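Down below are the structures I want you to see.
Heads up, the next two complexes both have chain A, just with different partners, chain B and then chain C.
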Partner chain A sequence: MKNHNSSHGFTLVEVVVVIGIMTLFAAMVFRVFSASGAGQQRAATDLQMQSKVLNSQNRIVRIVREGTDFIIPGLGEETPALFFTDNENNIQVLYQLKDAELSKSTGKKLYKLMHYQVNAKDFNIGSPVFDPKMSSLIAEYIKEIRFRVSSANTVNVTACYATGHTEFQTMFEVGLQNSGALE
Partner chain B sequence: MKQPARRGMTLAELLIGFFLLCSASIIFFQAMHGFRKETTFTSENFLASSLIEKVLEQCYQESELNPHGLEAIGLTDPTGKPYPFKTFITDNETVFFSNPGITDTETPNLHGVLKDNFNLVVDGEQKSGFYEINAGFNWKAQSGKGQALSSTRILSFTGEKEVITTFTLSEAQVKERLVKDIFNAPGASLGSRVSSAGAEKLLISIGHVFYASKDWLNSSDFKDRYQKAKDLEASISPDSDDFAKCTRMYFEMARDLLHLMISLKKNAEDAKTGISFLASVPLPERFIVHSRIERGGLYYRQLRRIFFNCLLKVSARYEQMLKTADTPKLQRQMIVRLFNINRILFENRAFVEEVTAAETAERYKKFVTIIQESFRETDPSIFRLADQEQGFINKNNLKEHFFVLKLTGELCTAIDEYLAILDPA
Partner chain C sequence: MQSGLSIVAGHESTRAVRRGYVFPLILFATLAVAGFILTLSQFQSANRVKFQHLNDYQSAFNIGYSALVEVLADIQKKQWSNRSFKSGPKDKSANLFGGSFNLRVEDYDVAAFLFNVRVRVTYKSKNHLFYWRIKYNPNLLDFTNLFVPICYEDLQNNTSASSDDIDTLVDKILENRVANRDKARQIADNLKPSPTIADALKKVGINPGAPPGKDSDVPRPAPQPVVIPPAALDLKELAELVAAPDPEVTFAIKNFHFGGNVSVLTDQQKELLDALAKVLKDRPSLKIELRGHTTGVVGTPESNMKFSIERAQNVADYLISNGISADRLTVKGYGQTKLIASNDTEAGETKNRRVEFVLTNDPA
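== the complex of A and B ==
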């Protein structure tokens, strides 16, 4: 009588097939999770970016609305800083300041957008000097910002915001509130 | 004792396990992908909202500068009726996105998102005194169809203003002066001195024109203002306070004169209509009435002459202020004022007595050309204003577009007709 032994190990073929299938599934699962994780991170970054852009855009609009006359740039010109007067005889400036910390962490040249306000008589427009300690922060993660005075009453702002992976470019127009009555 | 059977998982069990794990991952991945698409959509939506506000701000600014600004930017037809406007925005052709344009070199990120996808739609509705402008974007978003809309009210130009003058007289005052001046009967009733209601009405109309014009020309207020303005002309620096004050005084005199002349226009027209009743005024008072008509006409014309002289002064002074304007806003303000003043002079050049009609026309056309050339590159809205004006001049339809021109044209004609009402021809 043949001795039938029911407990035996997997054959080499079975082991190879199982390992192959497991490896395949494992790779798929890893990719799915990995992509999901990266997607989640990008989505979170995008949301943060949108919030930053919205906040800074609102701040810029509110500040420029205080203006009475644009000084720099001239009509039809474009510059990375905006100089304007307000009705309290101040000169207000929106200018860029290099953000060393964020530039280092993101590997991109990033700036902060600063707001400086000074009485016109204390400011030399020929060689402007801004004291960062007297300036307030308006926006971060600025890769590039350009102000173009498109008419005597309006400035077009084109800005590019960036993080390590994402860039977001926006364009908006702000009108001076004190545009003066026309007869 | 029986030992429990110890065995590994079968291939089928392993496959089912991995299949379940994989399915869960795919569901999770799809949810994440959906979330990411929503985030992208929010981002696009935010961008679209910013760009819509930019379009509406430009509509507002254009209309503030130019009463026919919506026509200049192509949102209404020449009759002021809005028509729908639909375009892609990265072709550099749209007025709203040409200065600066959205290009792959200047704004690559923005260009990449908007190119061949974001469709700008602007339409409007003309209502009483304003336009309701709706602007929106349609685009194909990853999560479906994107749409963002916004609207604003843009005040539309009517030009009609209330006439305010303190120099018109009440009917009772005119009657009182007529009986004293013409009939030498102070305190008497005018009706008792003339035989018909038509003659009485004629005399009242003539009295309005004569006494109100004369009162203005003899008023110490007018003389003082005119003299003061002349004295201030000594200040020749366009950025001085006195220069601005002098200009303001001439402008205010012109405005006050226009109001007075307009208030008398109806009387001048009534006098022309009822001149046949002059024959029923008894002699010798009829000769005095003749004299009052003639002198009243000359006074009325003198008011017009001073009005145009004031406008010529204002125009020349605004030009000087424009040349020295040190801010774009002052420059823009002067340009708008110069268009308003020079347009009246140009359209009524036949009635301007100090300068020939040809000279006035040439001066205005030159001004329009200079403004066109100067602002072609720097300020498209001013360029469009000048370009549009050039079109109105060429088509000879300025009067149809500016109420004040129709008003002043009819007024100047009415004055000339009043001067000729005794002419037998």
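== the complex of A and C ==
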């Protein structure tokens, strides 16, 4: 009997108990996962937003690094846009545009950060023409961005990004890599 | 089969039950835990990779910049005439900060002290090429004109850091820079006084009809004139500075003292005299007499007399070089005859080593 029992699989009690425990376990695990699911999703969107913020920060750094002189703001001034001359003496502009779509979907006033390059050679001061090809999107979800020129070749950028439920702030300093011209 | 399904009591069966569900339980628990950990770690590593990737460019730039700084430091150390790339292009490769770089430095225009530094950085299987054309400033022993005309990224196909077309491209950029200079200045001059950001954007043609950015209509502050505070020239009645002033001496410059056996002016003294020169320029009727003094601790009365005149004369010369006409200044030496403090202490000696000035015309 003893030998028989042990060599011939499970008893009904064993099977019932194991299935019961498995169900309980599954239910518990499912609850843990589903509870963390919502939090995870939120964390995931936050992380995504953080990487967007970092990404745009990197882009701004790369653009500004090529500059040689700041035009606007003046020394010590803080403005919502940045104008500077680059190493080819073209004028580069970082400016904001109102983002109607995102403002509507998030219920907040949000802006896009745009980059525009003015080719000095072809530019007509008297009647400036906007060339859409020279304009590109740098960042979205911007609630506020400010540029403050703290020395002849440094600008401090403070930006606030917002999604529907969270806000992100970033503050960084970019130095012009070009100190003085060679010509 | 019959026995397998029968419900049996007794201690044999309890043992069998226990043995029966230990294995599936452990198996299941292991699977559940493993699955959970796997999910979490995947989630985390995916995000980490994403962040890391975003910062790769910055890391690569740091490596390139560090390599450049090393080159500049080397030139400083060895002097320009012994620079390592004097006889021809110099290459260097090394691993740095988890990446590697491949650097070439060479003369570009020896007469103008221009040289090129190309750093090719490999970081996380991506290549970046950073290029600097630098001018060494022999008078200041410094690199005052640092210039990054271009940085390339992801030059997977372009394997050599020494390819000549980059030089050509940089030359072209610099040519454009020269060609655009006047125009850029014009545009900048036009932009700078813009009363608002919206106005400045309009001046470069950025669509005035587009929805405006935040605060673009806020008036900008009027340009502030640069105010440099004048050097603190502390004009005080001599009585405030010394115990027994010469009754004739109306003013002395506080802290205008010389070191022992020194008649040459220090930078700090020059700064004070710059301020005095300004006072004199503002009041053209003012005339002053400069009186040099010594301690008398060393030298003979005669040599001290000469030395005190020298001190006063140096002050006068400096004022004259600052545009004060010589006929407004008189120079006198008193040697050791008019001590204002005891020579027993260091502080007293310092007070005695001085140049005073007397107003010969009322400042009014």
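Following the convention adopted for this analysis, the second predicted complex is superposed on the first by the 127 of 183 C-alpha atoms of A that agree within 3 Å, B and C clash if a C-alpha of one lies under 4 Å from a C-alpha of the other, contacts with A are read in each partner's own complex, and residues count from 1 in each chain.
The definition used in the following text is that a residue touches a chain if its C-beta (ideal position, glycine included) is under 8 Å from a C-beta of that chain, and two chains touch if they have at least 3 such contacts.
This one's a predicted model, so the numbers in the text were calculated from it and none came from an experiment.
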| item | value |
| --- | --- |
| Which of chain B and chain C A:A35 touches, first, second, both or neither | first |
| First (chain B), second (chain C), both or neither touched by A:V93 | second |
| Contacts of A:D69 with chain B and chain C, given as first, second, both or neither | both |
| Chain B versus chain C as contact partner of A:L47, first or second or both or neither | both |
| Which superposed partner A:F25 touches (first chain B, second chain C, both, neither) | both |
| In the superposition, chain B vs chain C on chain A residues touched | C |
| Touching partner for A:E14 - first (chain B), second (chain C), both, neither | both |
| Touched partner set for A:A81, first chain B, second chain C, both or neither | second |
| Touching partner for A:E167 - first (chain B), second (chain C), both, neither | first |
| Which of chain B and chain C A:S150 touches, first, second, both or neither | first |
| Set intersection of chain A contacts, chain C complex versus chain B complex | 10, 14, 17-18, 21-22, 25, 29, 40, 47, 50, 54, 69, 71, 74, 77, 179-180, 182-183 |
| Touch list for chain B against partner chain A, complex | 7-8, 11, 14-15, 18, 21-22, 25-26, 28-29, 32-33, 35-36, 39-40, 42-43, 46-47, 50-51, 53-54, 57-58, 60-61, 64-65, 99-100, 102, 106-110, 113, 251, 327-333, 336-337, 340, 377-382 |
| Touching residues (chain side chain A, partner chain C) in the complex | 1-2, 4-6, 8-14, 17-18, 21-22, 25, 29, 40, 44, 47, 50-51, 54-55, 58, 61-62, 65-66, 69, 71-74, 77, 79-81, 83, 85, 87-91, 93, 95-98, 100, 109, 111, 116, 118, 120-121, 123, 125, 128-131, 135, 144-145, 177-183 |
| Footprint of chain A on chain C - complex, ascending | 1, 3-5, 7-8, 12-13, 16-17, 19-21, 24-25, 28-29, 32, 36, 43, 47, 50-51, 54-55, 57-58, 114, 133, 135, 144-150, 173-174, 176-181, 183-184, 186-188, 190-192, 194, 197, 200-207, 210-216, 218, 220-221, 223 |
| Contact set on chain A toward chain B in their complex | 7, 10, 14, 17-18, 21-22, 25, 28-29, 32-33, 35-36, 39-40, 42-43, 46-47, 49-50, 53-54, 57, 68-71, 74-78, 146, 148-154, 156, 158, 160, 167-176, 179-180, 182-183 |
